[in-house]
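You will see two complexes here that share chain A, one where it goes with chain B and one where it goes with chain C.
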Partner chain A sequence: MALPKRIVKETERLMAEPVPGISAVPHEDNLRYFDVTVEGPSQSPYEGGIFKLELFLPDDYPMTPPKIRFLTKIYHPNIDKLGRICLDVLKSNWSPALQIRTILLSIQALLGAPNPDDPLANDVAQHWKENQNAAIQTAREWTQQYAKPQ
Partner chain B sequence: MKFGKEYQDALIKGEFPAQWVHSAISYGQLKKCIKKVREELQEIGLDADTLAHLLRACSIDEAQVAPHSAEQSFQYRFSPEIHAKTTPRQDSSEESDSPEIFQGFRPKLLFAVDEESGEPVDAYLSPDTKEYLHQLAVSQRLTDIRITELPGPSIPVEDGHASPQNGAEQTASPQIRMVEVPLSSDGIFFKRLRAELSGLERLQMEEKERLSADIRTMGKTLSKSTEPARTLSTHKSDLSVWREIFLLYMESEIFFSSHELDHGFRSPKQVQDKLESFSAELKRRDIESRLKRKDSKIALNQFLALNLDLFKNLRFQDIEYKAMRKILKKFDKRTALGISSKLIPSISPSVLSQGLARTICTEVSNELVTLVPQVSDYLCPVCMSLAWRPVRLSCHHVFCIRCLIVMQRNHDDHCPMCREPVVMQADSDNIDETMAKFLKKYFPEEVKAKHEDNVRQAGIDEYGEEFYSDKCAIM
Partner chain C sequence: MDSEDEVISVASSEEMMEDQDSDLSMGGDYSDVDLDVDDPDVGFETQDKDIKPKRRPYEVEFNIYGPADIQSHQDQQIDEVSAILGQPPEATAILLRHTRWNKERLIEIYMDKQDTLLEEAGLGKSLAKLPELKKVKGFVCEICCEDGPDLKTFSMKCGHRFCLDCYRQYLAQKIQEEGEAARIKCPGDGCNKIVDSKSLDLLVTEDLKDRYQVLLTRTYVDDKENLKWCPAPNCEYAVDCRVKQRDLNKTVPTVHCTCGHHFCFGCTLNDHQPAPCSLVKKWLKKCEDDSETANWISANTKECPKCHSTIEKNGGCNHMTCRKCKHEFCWMCMGVWSEHGTSWYNCNRFEEKSGSEARDAQAKSRQSLERYLHYYNRYANHEQSAKLDKDIYLKTEKKMTQLQSSSGMSWIEVQFLDAASQALQQCRQTLKWTYAFAYYLARNNLTEIFEDNQKDLELAVENLSEMFEKPTDQLSGLKVEMMDKTAYCTRRRIILLSDTAENLKNGGAHSLRLRPGSFD
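Now for the complex of A and B:
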């Protein structure tokens, strides 16, 4: 099936005017599949880390949201061991007027503002609530260990 | 290379009109003025080193005690406008030929001396200088009528009757008063600089007028040549070619960038590169020969000339701004009177700012670019194609009919833009006929393409993927 015009346009704009701190490059053999990197926001425990994600645009995109998953290990109450993300705009609050760039910005913002009251990784959220400083310290260590650019 | 030489070269090589070069800042002359100021200061033992030392001393003092305290041993500032206007000046020979606006612009060098004895308070000064200041204090006190101290804030106040030349000021502390060291060459320097800056400001205003007039003329030509075709056979319209030109122009972002990464004004070098690649791209796409109307071709050349003109203005401003900063810095370096930090912020916003580029670019987009509607302003936010046929929901957001049908089929009731539950209630009454008419008139080709696409998608929905494939298929 031909690639919808919308996906072509979004890809072009992502290449021509990249969002600072975010990159998304489509695979040559599958233009619906993107390799994504997101820089950890400054003044967060993820600062200095570069996180890899995979992004896939399903057939009925933009009527359904893109599928996104962290590939880099990350210690965050709303991201689980498999890299799945708990974010409302990726699920019930998706709108077809949202785009790849806006969604990736939302994910970057989620790194800056973890929400342990709506957890996906229960153990991490528990840790976050009981001892926030220690949890942040662990997040920092994981960033150093797994998210450092080679 | 020295800046003075560099500056001269830039003015000569810039191919600027003679009138501009004539109004340019006379860097060499101003440099001579600085030399005179320096000599004058040296005569009374106040060379740059001494003043720099005093300046350091008072900034340390200020950190320890309240500002405006008696510890400030000297100040260099500009007298308020009112004095120069109401009181006669002694050096009237200079004053007579200067225009009205420079009257208030007279710098003053003030030194703190002991109220009783007239002895300078700063111990760092050499005996000769101290003696000089002492003499000055005594003689100035004799000519003063009366020094009054107004109640209220501790800002130094001056008696309205005292002429600025002899003006002695009293600070909050009763033991200290300020005595003015008479200097004449610094006045000449600032008067000259000021006059040149206002000359430049006038020039800039004139240029703005001229460019605006050009834009309006071009706007008239353009509105004729881009008028949508009424009947296909008799009327030629260059609407779509002009759309391409302006789209390319806006994407080039020649004068400033709106990108997230390099937001703001571009340097003259960047502007030049952008302009060159813009005209190269126009050539590559063979735009000029694709324009069918004669007046379109004229308008295109006008448009290019206008941009070159604006660029020339920007380059000139850039050079002049640099010259102004350099000469004020030089003044500080030679005299240590610390003036550039005070003066540059007050001058830059009005003169030699990038205001010209901003105004002209706004006018270009208001007067010209809006004559040619761009597709990007009429896209459906879901499929990012032209919103044909346009459906306006009760929340006023517009989508193409195709995307709306898909949303209704999925029972997505929420408007993609505002999440109002209004999608399901939309029906054929929601088609925006006024907008449909407008789109058909201004985007005939795009409407046709989108219409065909809508039909194809509907066919695929009904009969499957093979419906519109190129291959022959048995259904």
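Now for the complex of A and C:
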């Protein structure tokens, strides 16, 4: 199946004018599958880490949202053990006018502002609410341990 | 027993005649009394119009609506409110859905703070301009990135413009895949404008429009508290019933759908009169979850008095040594073994205090298990019998044809079999739930009356059921007796349900009481 114009354009633009701190590169053999890296935002416990994600554009994209998942282990109340992300724009608030670029920015923003009141990883969220400093410390350690740039 | 039964059954059919004196005018003879008492005015509408059939205490008022009725109800309300608010119908529809079809509240809020309401409902100000397709110079669709001077585009009032193809695909995705209708938003990012029906008409194909209407009707019924879909498979009727959620402890609103399905309006489970919804829910949960496993454990095992490990004794003497904590005790009295002195292997210390408490707890749980099993067995038995009766019902038709050919009876003359089979089903259904209900009842005089009623009905049902299974050649001779018994069963059921319903409704000290904690 030919790649829709929309995906071609988006990919071109992602390569030509990349978003600072974010990269998304399509696989050569599957142009709907992207290797993504996101830098941890400064002044967050994820600062200094580089997080790998995978992103897939389903057949009915952009009518349905892209599928996206963290590959790097991360300690975050809205991201679970399998790397799945709890983010409104990836689900009910998806709009076909959104793009890969905007979604990745949203994910980066989520790293900067965890929301333990709408958790995906319950244990992490509870830790976050009961002792925020300790939770942030764990997140920092995990970043050091798993998200160090090679 | 038999003769007594007959006396009662004759009396009962006389009572029935008095009850339904409206039917007397029909001049039917006694044996032709309408057996399906639940539905007394079938075919007599014209004569009985001025005499409203009296409702029994356990019956509730309800109406059945088909898809067309529901549609016209919606349209009617939309038109009415549209005229008051001065908004076009498609916008009024969105507003009504926003306030869940509460007209009064909508009008009130609209008068109070129109702008906020319009914004919240996803409308924005004035929708007066008709939606239209446009070609816009230099337009690039944000969704598919197509451009060109011939591209047809569309936008709602919010100004988020996309090409027709994308809009179509978007709506198809929402309607077909996501089953969304009442709250489809503009495809623009973060835009809350709701796609109204007029715009939709312009954009989508006919089959999607139909689906859209079906979905809208569905949300209408879901939104209205007094409407519920009939849960029978493929049934497209909705039931309108005014019973309030908070009254469900006092009434059991069984409704009869046009499709033939009887169900409870409160919980949409199958008819479960006379037991109230909350008890039914509890009972079903009790029956299926493993709380009974725990009951078995407590009835068949004992706990080590020291470390409380669960122990099942499968042989050997009464001198127990707990494998875990090495505590030594006597299985009989649960007391410490060392206190037994020399009377080994023969515990005669039954009144000793150290063991009596452990034994009391044991006895209690055994008793409660037995109590539960008593009711459960009867409940399950009627459920099973109802299933078997249903099989028989399927064979009834065959029986009726056989009877027609063997005895020379006409079709109308063998209908008593059908009536008997239906009465059986219905009574078993009721009986089944009386047992679940009785499990939760506290003991008092009314409970005894309830149990008497239950016993009477059960006896009548078993009699009829037995008769029903007789070979075909005997059936024609039993016709009158069977009709009597059918009427009697139905009558007993009505008495039981009426009594119970009245008792539930009245509440108070002198009525049926539930065991403490039953309504938690």
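Going forward, the second predicted complex is superposed on the first by the 150 of 150 C-alpha atoms of A that agree within 3 Å, B and C clash if a C-alpha of one lies under 4 Å from a C-alpha of the other, contacts with A are read in each partner's own complex, and residues count from 1 in each chain.
By our rule, contacts are C-beta pairs under 8 Å (C-beta built on N, C-alpha and C of every residue); 3 or more make two chains touch, one makes a residue touch a chain.
Please read all numbers here as calculations on a predicted model, not as lab measurements.
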item: First, second, both or neither for A:T102, with chain B first and chain C second; value: second
item: Partner chain(s) touched by A:A2 [first = chain B, second = chain C, both, neither]; value: neither
item: Partner chain in contact with A:L82 - chain B first, chain C second, else both or neither; value: neither
item: Partner chain in contact with A:V19 - chain B first, chain C second, else both or neither; value: first
item: Touched partner set for A:A113, first chain B, second chain C, both or neither; value: neither
item: Touching both chain B and chain C, residues of chain A; value: 4-6, 9-10, 62-63, 93, 95-98
item: Contact set on chain B toward chain A in their complex; value: 259-261, 381-385, 403, 406-407, 410, 412, 414, 416-417, 419, 465
item: Complex contact set, residues of chain C against chain A; value: 142-146, 160, 162, 166, 169-170, 173, 185, 187-191
item: List of chain A residues in touch with chain B within their complex; value: 1, 4-6, 9-10, 17-20, 62-63, 93, 95-98
item: Residue numbers on chain A that touch chain C, as the complex places them; value: 4-6, 8-10, 60, 62-64, 93, 95-98, 102
